[in-house]
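Across the two complexes that follow, chain A remains constant while its partner is chain B and subsequently chain C.
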Partner chain A sequence: MKSALDQRNRAAPVLTRWIARRPVVAFVVVFAVFPFVVPYKALATQVLIYGLFALGFNLLYGYTGLLSFGHAAYWGLGAYGTGIALAKLKVGSLWLALGAGLGLAVLGGAVIGFFCLRRRGIYFAMLTLAFAQLLYFVGFHLADWTGGDDGLRGIDVPPLRLPGITIPLDTSLAFYYFAFGLVALAVAALKRILDSPFGAVLQAIRENSGRAAACGYDIGRVKHLSFVFSALFAGLAGALDALRLNVVPIESLYWTTSGQVVIMTLLGGAGTFFGPFVGAATFLVLEDRLAIFTESWPLVIGAIFMAFVLFLPKGIWGTLLARFGA
Partner chain B sequence: MHRRTFLATTASGVAVAAFPAVLRAQGADTIKIGFPGPLTGPFGALAKDQQQGAIVAMEEINAKGGVLGKKLEILFRDDQLKPAVGAQRTKELIENEQCEFVVGGLAAHVQMAINEQTKKAKKLFISVSQSDEISAKPDLGPLTFHEALNPTITGRAVGSWVAENLGRKWWIIYADYAWGKQNHAVFGEVLKKHGGTLLGSTPYPLGSAEFSAHLPKIVAAKPEVLITVTPGADNIAFLKQAISFGLKKEMKIAQPLHWLPQLKEGGPDLYADIYASTNFFWELEDTIPEAKNYVGLYRKKFNTPAGDYGAYAYSAIHEVARGVTLAKTVNSDAVAAALIANPVYNHYKGKQWWRACDHKAFQDLWIVKGRERSKMKGEWDLVEIVKRIPGNQELDRTCAEKGFA
Partner chain C sequence: MPELTLATLVAQVFTGLVLGMILVLLAIGLSLIFGLMTVVNFAHGSLYMLGAYLGFFLIGYTKSFWLALVVAPLLVGAFGFGIERFLVRRLYGRSIDDPLLLTFGLSLVMIEAARLIWGKIGLTLDPPRELAGAVDLGFTYFPLYRLFVIGVTVVVLLALYLFLEKTNVGLIIRAGSRDPLMVRALGFDLGRVWLLVFGIGAALAGLAGILAGPMRGVYAEMGVTIVIESFVVVVVGGMGSLVGAIVAGIVMGEVVSLTTLFAPKFAEIMVFIVMALVLLVRPSGLFGEAGLME
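Then we have the complex of A and B:
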């Protein structure tokens, strides 16, 4: 009896530590079976895509210590880039369309980052917000290209063409594994970035930017690069969402989208590798299930969020890591 | 976090996730219809009327034994008036709940996001709120149907009636977004056709609460009629300010639509003598037998008179049932083909019909005028019917104009 309890006591920390040490493997294992764990496959895809969005945001906020309130901009640019390529320019290639979204998001990240990084703290946050809102109004008024407030419709997803094989993406499960492949690549890339000397400098900047500068690092350039990488991940997530919904709503660029990614990241645990995915999964699954039973679901999620910020500020995954010493 | 808390949280999470599987096991003998709508948010009252209209239709049909021996079951979902949520909810309804049909969507941008999902899943979708695009290329799919009126029809109907009866010197104030701009364009065209003069137009940002800066300019221009295209809460805010500025005494006011829940909220002091169109008003029960049936059932169930948008939902649920009965299957392709092959129906206000090219429902509408408080016979006696406008395909764009050769 006692030993069984002990064993159970040990299982959680061992699992937590195992996952924390092999994040890419853990990601692949968990998300390979994820569509069969949640109520339906489209929800699994949504978690995957928002998890990637939060992952990108977390690179900038959790690892570099820069709080952006305008990540809707890169999500939206990725979504509109891919959506416009397919719906308006009638690009027949999935890769070209994704490239258009990624290109637009990276360009946006480079330009907006260049200006915003000239200020720090609240001024930085407000500048990112202002740029995102600016893009929202541009999107609203460029209705011939974006569909304006009616949203961009008519995004037909071309089949996935790989050397020697063509796979149609019209079922929920096929699309999930397509997104899963791309998100896994992004997760591996992020791991590589964080493990590189560049990744170490990011965290040095977060802890003490003056000291990092004194060590001889060009912290302006490093921050800018981190900003662009973050925009790239957010843009990929946005592009995938355009393919997932076959529409790009104008709200993609609205500040509420930026707010949502902040909440997901904090809920899961900022500055941890898996926090963003845990946060996105918790938020979206709760929203999906609660909204069926009550119209006041935001009240429940809001209360949970506040409880975490007040009592467990490290978030769900961050708390587990701290508790089990991984 | 303590281990026990963690376990409890995980367990409850798993329970929540597994719950739909338990629910699903019960519903094998029903025909499921998914119904997304903005139950929360600024259009909540309209969405509730639609929900109630749909429930009345469902219970009426089920009381008579259902369809093909099966009961109808409607699953309502809150789309929060957001296209992304509407799209996700539609996926959930089709994928997780195995809904055979989708009815719903309030506001053009949400219904078009829903439409993209039903097109992909090859399910029949009947849209029940205004949109010009949904029944035109490229949005219309082979299984998309549009039960509601649209800005072109209401704009042409109200515009022509106003030009013929109230005056031909107009000013238009409109919310600067898709619906507002569409209405502005339609009213402008109608006025031109009647040889009238548009003295000026004022676009304003949607959701604005402050109109005082625009009012002196409008009064100074001395229009005979002011057309207001101010949806939702804007409508009430605008009329309050316009009335206190004395506009009602200087000119007639007309707008594309009156909605019963909004008339009730604003009250007769705001809406008296303001002209608009509507697809339905419950007092039609005095003259139309189908209206008497619908309003009676609705009042019995919910103890209030039926609204206008709820009637769309009532009719759309009946159309799903009629289509399934005709096709003798729940297959969406067969149901759509059956409806187009038998296009004429009458559920709540007289004859309606589907046009084959664009799956648009043509139907009567009414020009109504807000009642003065002194003439009201009850708290819901909010408008008087001025004129019936018979259903007419000429009021909408032609098939060719919508992209169907």
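Then we have the complex of A and C:
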């Protein structure tokens, strides 16, 4: 076991060393106190949820090497699944509603992944974008279910029912810690996935897919599975966001949402475990601060993003890791 | 739904052809740039938008649609030179995804800059007086300007074909997309060819923008939906295939236009359904060769 770890140490030293330092514990410690560190609690919840979104995107792009430009699809399916369950079907159970969102996102990921993975390379990015746009138009026209252009309104968050205890989620702090619990589970699950032999195959595909295939791995199936897992995380993030906002705007499915998660992940550092959270926090704080000064904040964020692609492709966290050899 | 007669059907087929022409102009540029440099230019839609806005500005400034029709695409082409020379060129040799990411950032910047410069409210671009009105096709009337768009596109495509097939530069471009290393070994400066092709692609997008302006309006996000549709056209036609881009562009234009006639709600969705079907039957696109440039 030790020698297998050493082998991977040579392939991706920074990554493996960081993972070896128990990122799940680090996540729990940082985000347990996070709402008291940032200026206001709503921002903390947003960072948590968008960080999870970027985490899911990063599984596909950072670890498997597949650039999806359509992750709005799974975020939106998760949000609408949960939102429709609560607002239209009047489901009383929080768990059932979350399950509806996750189920829809996984289903969407499985079907869209099947189509997109028929083409490799750069086609893949264009196809994911096209399918997300398809869902946007479907959401737009299916107004009876989705509220169309006005968004899906009237999502009431039921209390959290655990065995023996019922906790209302009506304060922002209660909701933060509810989301924190779920995101921590997701982070632990992702760590487990990446540490498994399956996770090693994912990274082998990223480094050299021909060689991974030659080693006897069914890379088509592995990529598809990675796609579905990625959709699952994005869907959970979308579902949580529907609960946070009590509304699902149609923009959830729009290409701008897909773009946002791409920007966040690259700002933080694609292919690093913690990068997505660093990127989400950077993006949201920047957006928050810039919006005070100028309406044209996307211009500034776009320019910063371009500078990162050109000069700092490892992102903030990735660069720190590389510099300090952590 | 309006009463369906042969005349409305034919008129709708013509409308589809016009949309198809705009898609062809965009998809050909994308396909050329991709074929030679394996760069997917996400900012292509923003170049289309830039062409329309520059057209609007130049028409106001020079009072001549015709001058604007020539100058706006040239300016957009020059802008394309700049993108290749100062941005995309830095990324050759890096991951194939990086130029896509960079041009995505660029398109965000361009859309927001257009909002700053020209305002958030859409503008209307009037067709020139010579092209106002409609032509009597015998069974129905069709706007003269739309026929003009078809004519211009055909002429431009013909010129592009002759350029690629009959000139020495065209020969180098075609050779460069097949085997860049060999072309370099023969002593040609591919850097200049890349610059030229990126400029041509950008100019075609700019032309599509100014042509589409009078029909579809001019606004900052005008390029986003259509660039995604152009991606679909390129995928359906087969990446790097010019014939594929033309055929798929026209087919997609007709698909949108005819669906609008029969089931308007499905108009935007049908494009993607056709794409999914093509992917199932022919994953490499109608005219693409399997395994080429992946």
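In this text, the second predicted complex is superposed on the first by the 304 of 326 C-alpha atoms of A that agree within 3 Å, B and C clash if a C-alpha of one lies under 4 Å from a C-alpha of the other, contacts with A are read in each partner's own complex, and residues count from 1 in each chain.
Keep this in mind: a residue touches a chain if its C-beta (ideal position, glycine included) is under 8 Å from a C-beta of that chain, and two chains touch if they have at least 3 such contacts.
Since we're looking at a predicted model, the values are computed, not measured.
Asks: Touching A:Met306, do we find chain B (first), chain C (second), both, or neither?
Replies: second
Asks: Return first, second, both or neither, reflecting whether A:Leu127 touches chain B, chain C, both chains, or no partner chain.
Replies: The answer is second: A:Leu127 touches chain C but not chain B.
Asks: Please indicate which partner A:Ser172 is in contact with in the superposed arrangement: first for chain B, second for chain C, both, or neither.
Replies: A:Ser172: touches chain B, not chain C.
Asks: Who does A:Leu59 touch here: chain B (first), chain C (second), both, or neither?
Replies: After superposing on A, A:Leu59 lies clear of both chain B and chain C.
Asks: Thinking of the overlay built on chain A, is A:Val261 touched by chain B (first), by chain C (second), by both, or by neither?
Replies: Neither chain B nor chain C is touched by A:Val261.
Asks: Going by the contact rule set out at the top, does A:Arg119 touch chain B (first), chain C (second), both, or neither?
Replies: A:Arg119 sits against chain C, while chain B stays out of touch.
Asks: Go through the superposed model and pick first if A:Leu190 touches only chain B, second if only chain C, both, or neither.
Replies: Touch status of A:Leu190: no partner.
Asks: Identify the partner contact of A:Leu67: answer first if only chain B is touched, second if only chain C is, both if each is, neither if none is.
Replies: Only chain C; A:Leu67 stays clear of chain B.
Asks: Mind listing the chain C positions that touch chain A in their complex?
Replies: 34, 38, 40, 87, 90-91, 94, 96-98, 100-102, 104-109, 111-113, 115-116, 224-225, 228, 231-232, 234-235, 239, 265, 268-269, 272-273, 275-276, 279-280, 283-284, 293-294
Asks: Under the stated contact criterion, what part of chain A meets chain C in this complex?
Replies: Those in contact with chain C are residues 67, 69, 115, 118-123, 125-127, 129-131, 133-134, 137-138, 141, 255, 259, 262-263, 266, 296, 298-299, 301-303, 305-306, 309-310, 313.
Asks: Quick check on the complex: what are the chain A residues that touch chain B?
Replies: Its residues touching chain B are 9, 12, 37-43, 46, 140, 143, 148-151, 153-155, 170, 172, 241, 245-247, 249-252, 282, 285-286, 288-292, 295, 312, 316, 319-320, 323.
Asks: Spell out the part of chain B that touches chain A in their complex, as residue ranges.
Replies: 1, 3, 6, 13, 16-17, 19-21, 39-40, 77-78, 82-84, 87-88, 91-92, 95-96, 108-109, 112-113, 115-117, 120, 133, 138-139, 177-178
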